[in-house]
Each structure stands twice: as structure tokens, then as C-alpha cells.
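Both complexes shown next keep subunit A, but they swap its partner, so subunit B is in the first and subunit C is in the second.
== the complex of A and B ==
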């Protein structure tokens, strides 16, 4: 029982710390413990899901509120896969604010984003509320000049 | 256990009928990550995002096991021909 209590408290503490982290003003961390030994009473709640808003609504709000929104592995300063890193490198060449969520922190968020965009892989990039694609497409758009055109009014608003 | 390069090729060949197809296992043979170049008349009139969606759809079953898919090229035969001619004109590029 003591071990269960300790794990629960430790997991809750971890979640508390993660909850305070954000990228460009993101309000939530989506970390959920996967420890099978944690008692249900002490398992940290999914902050997004328990906010009273469905994940799909949260994603919808994300892409609406943030002119450039990424769902990626890691965060822009610390990408955790080559494809996410490539997408960030491309976008950082433009003077636009990047907002992002780390889908590695929450399998439910990951699945919700896939369902929202009907796209199976990550990163996923939304610009002005429109799903644009992944790293290959964003690189292609950069090379053809299409990305500059698409981002120009965002840049001009800064 | 991952997906084989041959499985990916087979699905793309049967569903998109490409005139050119190159599939590379970029996960060192583990079958977890692939890079694809594909030329198909079915891409005519389609935007790039739609073309990528067509490739994803063609690999729907394989995507359940694939960790990453990189579609380097998804072009029509006409676009492919122009690219090849351009490369021949500028071999150093």
C-alpha cells in the first residue's frame, strides 16, 4: 500500500511539474502516467480531456487561435525526431510565431490529431486554420516559394 | 516485425499504377521507415497534399506498422519528364 501511495504521489508530482510547462503560451501539458501499478485513485488525470472540452474541440481551437500550429514529436526547441526537426527548421526561416504540442506526451492527443486531420504521421502543420501536411510538403512549399506566400500576411502582422 | 519494401512497392503498384516508383527502406532494413518517389497519371490535377493523401491511402494497411513515411516526390509523368530534362541540362545541380 505504501508503495502504491508513493508511486501515485510521485506520478501526480510529475504531472504537476509538467502541467506548468508550455511552449509559446500553451496552457496544458498532456502527460499521463502509464504506470500499471498506480492505483486508480492516484493516477493523474488527462488534463486536456478533463478540462470539460473534448480533444477534438481543443485541437480545433488550437488551429484557429494559432496562425502556425504544429503537432510534433518534441517541442520546437527540442524536436525528438528528424521529420519534426526538419519542419521546425523550415518554419523558423520565416519570421512567424510557432505554436506546438508534443504528441509524445499523450497518446490520446496523438490519436485525436490523426482523426482530426485524417493524416497518419507526424509532424502535422496547420497554417491559418488549414491543414498543410507534414515535413515533406512543408519543405516542398518552401522550395517552390509557396510557403513564403502563404505566410506573408502573418509576417506582416508582426 | 515491420513491413517489407516489397510490400510497399506492391501496394503502390496495384493502387496507383505508377510509371516510376522508387521505395527505399530508410530504417536500415527494419521496415519501420520508408522514403518514396512515385510518378503516376492519377496525380493529374491534384494538389500536393491530395497526392500525399493518395499515397497514404494506398498504404493504409502498411501504415499500421510503419513508423514514418517520407514522400519525396509525387508527380505526374509530365512533371517527371520535365524534371529529368532539367537534371540532364544541369547535371552539376
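== the complex of A and C ==
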């Protein structure tokens, strides 16, 4: 009983944090310290232990809620891989909000994203819920004008 | 026996080349090891693999009618063993023979 209650709280605080953390510069963190909804007593030892299937739900929600969603190494302001850096650079040419998660911080998320998209490498870019590809493809789409076309109806950031 | 040993000591670049060549019937196949450019970056610090990053340029009739995502997936699928054994990232240029002729004009 206590275990079930604990799981419920952990899952709720995870959801709250994830849905409120959007937009450019957002950082995927394994810490829950900034969450006003939680308390040390309820802090899960490992927030993923209760989320065997929910990781794919999180990804599904991510790509649904965020018109441009990146799974990358590092964060947009500090990419930790040349390919992720390239993808961010390309997308920054456009006046659209970028949302990103840092898969280096979370191996389970990393694997879940790979399984979700059937794509083995990072970065991975989703636009309006559709998997677009990695840095080679986003660069190519930028060069052909396809990316401009795809992003044009996305409301620009304030 | 000796064949098996030989394939074990083939470089990853050669394995990539032969896997892609036989399945894609590529007319152009450049495999360029650029691992040195990525040595020491954050994701590489815990690996002892030497051949981790490659630039691939592939021209294949099998790409005809396929989106870029599909072309890349074909390559990734062919190299899934390598990706599971230390190959970290690929930069892929995937074209059809027709696209190459068109851009040369």
C-alpha cells in the first residue's frame, strides 16, 4: 500500500515537471529539487523505476506538445557533440521555439527514444510530431528549403 | 577457420564497406574514418573503441523513390551490428545515380 502511494506521488511529480518544462533551453535533469510539488521525503531513489512503459508516453507527449523537439547530447546552449551542435545551429536559423532533452543525462531515455523512432543515433529531431531524422537530414532540408516550408506555420517564439 | 580470423581483424571501415556494397550495389561508396575528430568528446570518454565515427557517401539505385529518412534507415539497418559494437555515429550522404547526374549538369 505504502509502495503504491509512493509510486503515485513520484509519477505525478514527474509528470508535472515534464509538462511545465518546455521551450528553448529546457534541460532534462535527473534531479527533482526544483519541483515545488515534491518534498525530500517523497523523492524517488530513481525516478525511472516506475516508468517501464511511461518513458515512451513521455516521448509521445514531448513530440506532440512541442512543435520542434530535439533529443540531443547536451543542451541547446551547450551541445556536447558536433552533430547535436549542427542540428541546433540549423534550427536556430528559424524563429521557432526549440524544445530539447539531454539524452546524455539519462541512458534509459536515450534507449527509449531510439526504440521510439527506430533510429540509432543522436540528435533526433521531431517536427510537429513527425520524426524528421538526424543532423545530416536537417542540414539537407535546410539547404533545399524544405525545412523552411515545414516550419513556416509554427508560431514564432516571443 | 582462417576466414573467420581474417574477418575479425578487418577494420570496421572495411566491414562497413563490404556490408553496404553487397546490399546496396553502390556505384559510389566512400567510407571515411573521422573518429579522430571526435576523440575525447563527452560521449566518447568511456569507450576504448577506436573506430567510432565515419562519413559515408553512398550512391545507390536502391535509394530511388525513398525519402532521406528511409535511406538513412536502410544504412543503419545494414550496420546494426556495428552500431551495437562501438560504432557511434555516421554522417551519411545518400544519393541515387539520377540525383548525381542531375546535380552535375
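Here, the second predicted complex is superposed on the first by the 103 of 158 C-alpha atoms of A that agree within 3 Å, B and C clash if a C-alpha of one lies under 4 Å from a C-alpha of the other, contacts with A are read in each partner's own complex, and residues count from 1 in each chain.
Keep in mind that, in the parts below, a contact is a pair of C-beta atoms (placed from the backbone, for glycine too) under 8 Å apart; a residue touches a chain by one contact, two chains touch by 3 or more.
Since we're looking at a predicted model, the values are computed, not measured.
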**Q.** Three-chain arrangement built on subunit A, subunit B and subunit C clash or fit
**A.** clash
Q: Have a look at where A:67 lands relative to subunit B and subunit C in the superposition and call it first, second, both or neither.
A: neither
(Q) Going by the contact rule stated at the top, is it subunit B or subunit C that touches a larger number of residues on subunit A? (A) C
(Q) In the overlaid three-chain picture, which partner chain does A:76 touch, first (subunit B) or second (subunit C), both, or neither? (A) neither
Q | Which superposed partner A:104 touches (first subunit B, second subunit C, both, neither) | A | second
Q: Identify the partner contact of A:123: answer first if only subunit B is touched, second if only subunit C is, both if each is, neither if none is.
A: neither
Q | Shared contact residues on subunit A - subunit B and subunit C | A | 81, 83, 118-121, 131-137, 140-141
Q | subunit A residues within the subunit B interface of the complex | A | 81, 83, 118-121, 131-137, 140-141
**Q.** Residues on subunit C engaged by subunit A in the complex (per definition of touch)
**A.** 37-38, 41-43, 68-69, 72-73, 76, 80, 83, 88-93
Q) If you look only at subunit A, which of its residues touch subunit C in the complex? A) 73-74, 80-83, 104, 118-121, 131-137, 140-141
Q: Mind listing the subunit B positions that touch subunit A in their complex?
A: 48-49, 52-53, 56, 63, 68-72
